[in-house]
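Below is one structure, written out as structure tokens; comments come after it.
Letters A, B, C and D mark the chains in the order given here, with residues in each chain numbered from 1 onward.
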Amino acid sequence: MTLDDTTKHSDPVPSHDGQPVPSPELDQLYRDFAAISTAPLWTQTNDLMPFAPAPAAIPFVWRWKTLLDIAQRSGELVPVGRGGERRAIGLANPGLAPTAYATPTLWCAIQYLGARETAPEHRHAQNAFRFVVEGEGVWTVVNGDPVAMRRGDLLLTPGWNFHGHHNDTDQPMAWIDGLDVPFAHDLDFGFFELGSERVTDESSPAISRSEQLWAHPGLTPLSSQGASVSTPLAAYRWEHTDAALRAQLDLEDQGYPATVEQGHAAIKYTNPTSGGDVLPTIRCEFHRLREGAQTPARHEVGSSVWQVFEGRGSVVLNGERMALETGDLFVVPSWTAWSLEAETEFDLFRFSDAPIVERLHFSRTYIPSRA
Amino acid sequence: MTLDDTTKHSDPVPSHDGQPVPSPELDQLYRDFAAISTAPLWTQTNDLMPFAPAPAAIPFVWRWKTLLDIAQRSGELVPVGRGGERRAIGLANPGLAPTAYATPTLWCAIQYLGARETAPEHRHAQNAFRFVVEGEGVWTVVNGDPVAMRRGDLLLTPGWNFHGHHNDTDQPMAWIDGLDVPFAHDLDFGFFELGSERVTDESSPAISRSEQLWAHPGLTPLSSQGASVSTPLAAYRWEHTDAALRAQLDLEDQGYPATVEQGHAAIKYTNPTSGGDVLPTIRCEFHRLREGAQTPARHEVGSSVWQVFEGRGSVVLNGERMALETGDLFVVPSWTAWSLEAETEFDLFRFSDAPIVERLHFSRTYIPSRA
Amino acid sequence: MTLDDTTKHSDPVPSHDGQPVPSPELDQLYRDFAAISTAPLWTQTNDLMPFAPAPAAIPFVWRWKTLLDIAQRSGELVPVGRGGERRAIGLANPGLAPTAYATPTLWCAIQYLGARETAPEHRHAQNAFRFVVEGEGVWTVVNGDPVAMRRGDLLLTPGWNFHGHHNDTDQPMAWIDGLDVPFAHDLDFGFFELGSERVTDESSPAISRSEQLWAHPGLTPLSSQGASVSTPLAAYRWEHTDAALRAQLDLEDQGYPATVEQGHAAIKYTNPTSGGDVLPTIRCEFHRLREGAQTPARHEVGSSVWQVFEGRGSVVLNGERMALETGDLFVVPSWTAWSLEAETEFDLFRFSDAPIVERLHFSRTYIPSRA
Amino acid sequence: MTLDDTTKHSDPVPSHDGQPVPSPELDQLYRDFAAISTAPLWTQTNDLMPFAPAPAAIPFVWRWKTLLDIAQRSGELVPVGRGGERRAIGLANPGLAPTAYATPTLWCAIQYLGARETAPEHRHAQNAFRFVVEGEGVWTVVNGDPVAMRRGDLLLTPGWNFHGHHNDTDQPMAWIDGLDVPFAHDLDFGFFELGSERVTDESSPAISRSEQLWAHPGLTPLSSQGASVSTPLAAYRWEHTDAALRAQLDLEDQGYPATVEQGHAAIKYTNPTSGGDVLPTIRCEFHRLREGAQTPARHEVGSSVWQVFEGRGSVVLNGERMALETGDLFVVPSWTAWSLEAETEFDLFRFSDAPIVERLHFSRTYIPSRA
């Protein structure tokens, strides 16, 4: 079973591209590779290990109007309850067919809950959040804590927390969900468990208990211990996000460093116990561009999904400009050059797999205009 | 573009499995989903988010004898050089066809270098190592530092280090490569760059410079600063691994805690600057079972590849026993129950994606016999 | 110069306490120790390494009324300006005479600034904060950022930040300063540098720039990078502290875990970039006890200084009860049993050297009633 | 009890040094400060917060010959056993009298154990190590694990580990002890507990169990979990230290970066579970200078103690040169300029409070020749 050291084989003749010269013996070799569940690297190096990321996912825009319309139609035809679990419609990146993944790591859906409906409780190792571009009236109940969902709010459901949603009003409501479902699915990291068919607390308080404990700037309960993997704060309210962005632009006006770059304010939602990302796999940010502002094209390792929250503008993805309106969603695959242009003041929510990239040390950024 | 609050739609009738009642309208809805690059969650929840990991990868064994034989045939037909880069034959998990992935995160290949051959230098963001089950005579040159490869050695090539290999003898040599290529490929994190066609240092020292600096137990150069992402030590030599395992069994014999469990010694290869894993995405371990020892069945999140280094025994994967001999490789997909049985003293090398699992907080272990 | 192995000395006769038998030779030996700048351990083991901490610092209470009165007299006799730098009167623990240390690590003073006065700018490696028990009208200018000081606010001046204070009103103001001056002095870690004689920004904004950037719950500027050693937030405002404490007691009323123990709410002031302490050497907390509440006696490693912010109650220090009123300050030396009793709702500010204890791994707590 | 806002006091007249004008009222004020256990800052700012560290500790050299001689005399007059605990003679920095501290944080002593003697077991929160400049024959038993002490070895006794020593030979032995006793004493962090009067394991193995588990370069037992506060490795053997230093100089000879600076090799002893310091408060290093080498003068925050292990040379402390021979010990107080000059190849052991400085973020280094 050791290498046959005595074999004196003639040198194989290299072709100009590093590939072997075709021959019947080579054909047989390739067939034999397959027969023993192996495959040569030399025929696929370029695909497997390209010079720079060559994503299968493509840059793509989904229109909110269209999504909302089909969500409403789903509301008429599709029940929400045990089994289907959620009336959620995933953004399926055409480059990743037949999956319904937005990117190789991120799942994004519009979820729709009709008047007085309840989405039953369950939990999963996958990490989740919701972001509300319009409407209100639904409470997401996270580990028994009812969390009001309102326009501009980011609501967190870290892995393995039971959660359900109930609409406490006579109006339907729709919002977006973001999860690391593709990542957990493809790497086989996920677990799932069913919970109560009704939410375990049907009250509708204006503020959750998690906010009572945690939504005080720089203050943490002395009773809590150390850093938690995910944020203990279930809701990041719009009034705080808006105020933080407004303040950055004010400081910029006064000549102080505060923004990412001229005319471009942005915040990162963070876990108050660690100062790090709200979820171990997902980063959430909010960006505000001044009217007329334009960001330089950026290449970044890792993928993200954006939703326009308010205003009008465009995104340029690998050189192609796409006009955007409130609610529109778009995907930026890894290393795809992106820049934003603001026709009006332009507010956008973003989530990405940056924590995966950073914790595993694959970070790289390239801004051609600064190179 | 807001939700049409005035629509008073009739309640959809739920079916017993949470799915909507079939109808022409539903068919149309489903067609329309596809037309706008979306997909409903409720029809695929079980597949996307199973109760426990349901890997596409299957447990599988590759025989060293077979691999070595086909590698030798490749040596006669296939050149090694710029373009193909490496004469490496990847283990292609049948469950992951048509890729040549061993698991969703890990790539594993047998690499073969003929007498006096050179594999040219290149570098990539992907992290790599080599493990030698038999033979010697090749030097892998990492950032210009020639590292001898000998039986039982683990050689490291962390991401973005230039590396090439050259065979300094008149004998061929084969070994296994392990990389995070599937992970980096599928998530679009990889970069690649060509280097010198010859290795940049053709000398063949018994010990590398990295070992001179770093292979002293508990001692680090004062000139180095802080923790590095990957290990600065390019080679972990067999004599140290063997001695560490032998010592654990000796301590067990004397009644002291040292082994993982009775009759089962194991070490983790670590980065001396941090005490953590040698690579940010890959954990490397070496296991030694006493003759007759048997480990309890374990379910773990994350996948791994094992190679028998010496001895005879079996692995039981999801209840199926497979006999193993020196050099045989097998894959344990995520959450697949595995246990080892040692017919003789039984030495095995293992690598896994445990750092990905742990850094992103998906760890979970289940040992039925201890539940 | 090696040990004289041939000397066959008679065994020394042990006394019952482990001490040598007195003799002229022993006296000479002890004199010779001193002559060569050495000292035997065996005569001082108990003092050097007691079974539990035996602090030189004593539990002590300073009365606010008395401090304020003498501060006012100082205002009439003592200038504030370059040279003396600050009109600050340190709490001198009687057990630590002749120093003016409150504890072995902490310095605490009442600082007094008359109408329209300015304390010139300087900076030091020592970390500092101010806490305001009453009054307003002074701006502390930290690295050029004017920070209003108002009742109940905690203001931070981390090491090596230039800072000065100016009173923008026609009223005097007094507050307490806390620093790690004893620690830095005794270990020789401190540096000091003079700055501008006037504060570099004499404006008096209601809110500092640091608050504009950082005082948003769970939100951090995307333009900032990583964790900073000390908090970037210069002011923690009373309205947030009060709301956080009120919320904890409300949650307790509703039956949810939130407080440290029944009737005892408390927050830790934290660095939003890390979730850790505001300063590398000093922890700041605020405690609120319900009327009638009483905390169990606690022994903790490390020392702290408390100030009553509002309400009436007592502290019991090593069994001795001392009644407290607004503004009163007391010291808890290391391992001294302390408990609080609230006659009314009872608010207290606390600072301690807990980060030193924890980062160097000397933490230990003992609560006899729970033992 | 509020500030008397109506008082219109005349402005105090400043003197040229920032001090108030002497007056009977000022004298009375100063007396009143003392009466209420307070002290003004303005009279002591320069002492409390100097521009740069102004240590009370002085640079000082103790001669090994002298220490060994008096230790031997102690061996004849002083028993070792319960009560006195150790026959250790501390280096008492003349600047820190009446304490027997080497520096404000570090205690250093020569310990002497006669033929067949035993120092009883105890444990303390204080962290300790031993370093052997000559001799052998004593086993230090740490948590029941007998650890041979031999020339050039560093032996660790992290806080709260039971330990005793026994001399298994007919020769006396002496070595140095290093502890953070001054730090723990002055900050009131220490605890102490008596153990067995005899060591709990009187065997004399060549190698300790901790070494069997941990002294393999880059290999850690899979059975151990995570990073420990202190090193789990009880002994760092001279052959490894010597080899590491030799290798650095060899690499320097070959033109590769390895040493601290030309002709100056050095290693840091590290905790293999973390890559950090062996003890939470004490750093241990070993330095080797080539014959004729000279290091630039360095100012560093924090204090250290050095012992010459072999060779001849000098240390220059704040400009004063002191010749050194084997075994001589010297102290470098904080911010004191130090440089070494090697008459022969010159080996030195060093320990310092660098972990305290670094973990609390007071680090600063100044090398005038590079400024």
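Going forward, a contact is a pair of C-beta atoms (placed from the backbone, for glycine too) under 8 Å apart; a residue touches a chain by one contact, two chains touch by 3 or more.
Bear in mind that the values here come from a model prediction, so they are computed numbers and not experimental data.
Participant: Would you identify the chain whose Cα-based centre sits farthest away from the centre of chain C?
Facilitator: Result for the farthest chain: B.
Participant: How far is the middle of chain B from the middle of chain C, if each middle is the mean of its Cα atoms, in Å?
Facilitator: Each chain reduced to its C-alpha mean, chain B and chain C end up 51 Å apart.
Participant: What's the distance between the Cα centroids of chain B and chain D, rounded to whole Å?
Facilitator: Chain B and chain D have C-alpha centres separated by 43 Å.
Participant: Can you list the residues of chain C that touch 2 or more other chains?
Facilitator: In chain C, no residue touches at least two other chains, as defined above.
Participant: Which two-chain combinations qualify as touching?
Facilitator: Touch list across chains, by label: A-B, A-C, B-D, C-D.
Participant: What residues of chain A sit close enough to touch chain B in their complex?
Facilitator: The contact residues of chain A facing chain B are 1-5, 7, 9-20, 23, 25-26, 29, 32-34, 36-45, 48-55, 57, 60, 62, 64-68, 70, 72-79, 81-94, 100, 104-105, 107, 109, 114, 124-126, 134-135, 159, 171-174, 181, 183-193, 229, 280-281, 301-303, 325-327, 333-335, 353, 355-357, 359-362, 364.
Participant: Could you list, by residue number, the parts of chain C that touch chain A in their complex?
Facilitator: Residues of chain C touching chain A: 209, 212-223, 227, 231, 233, 236, 240-241, 243-244, 247-248, 250-251, 254, 256-260, 266-275, 278, 285, 287.
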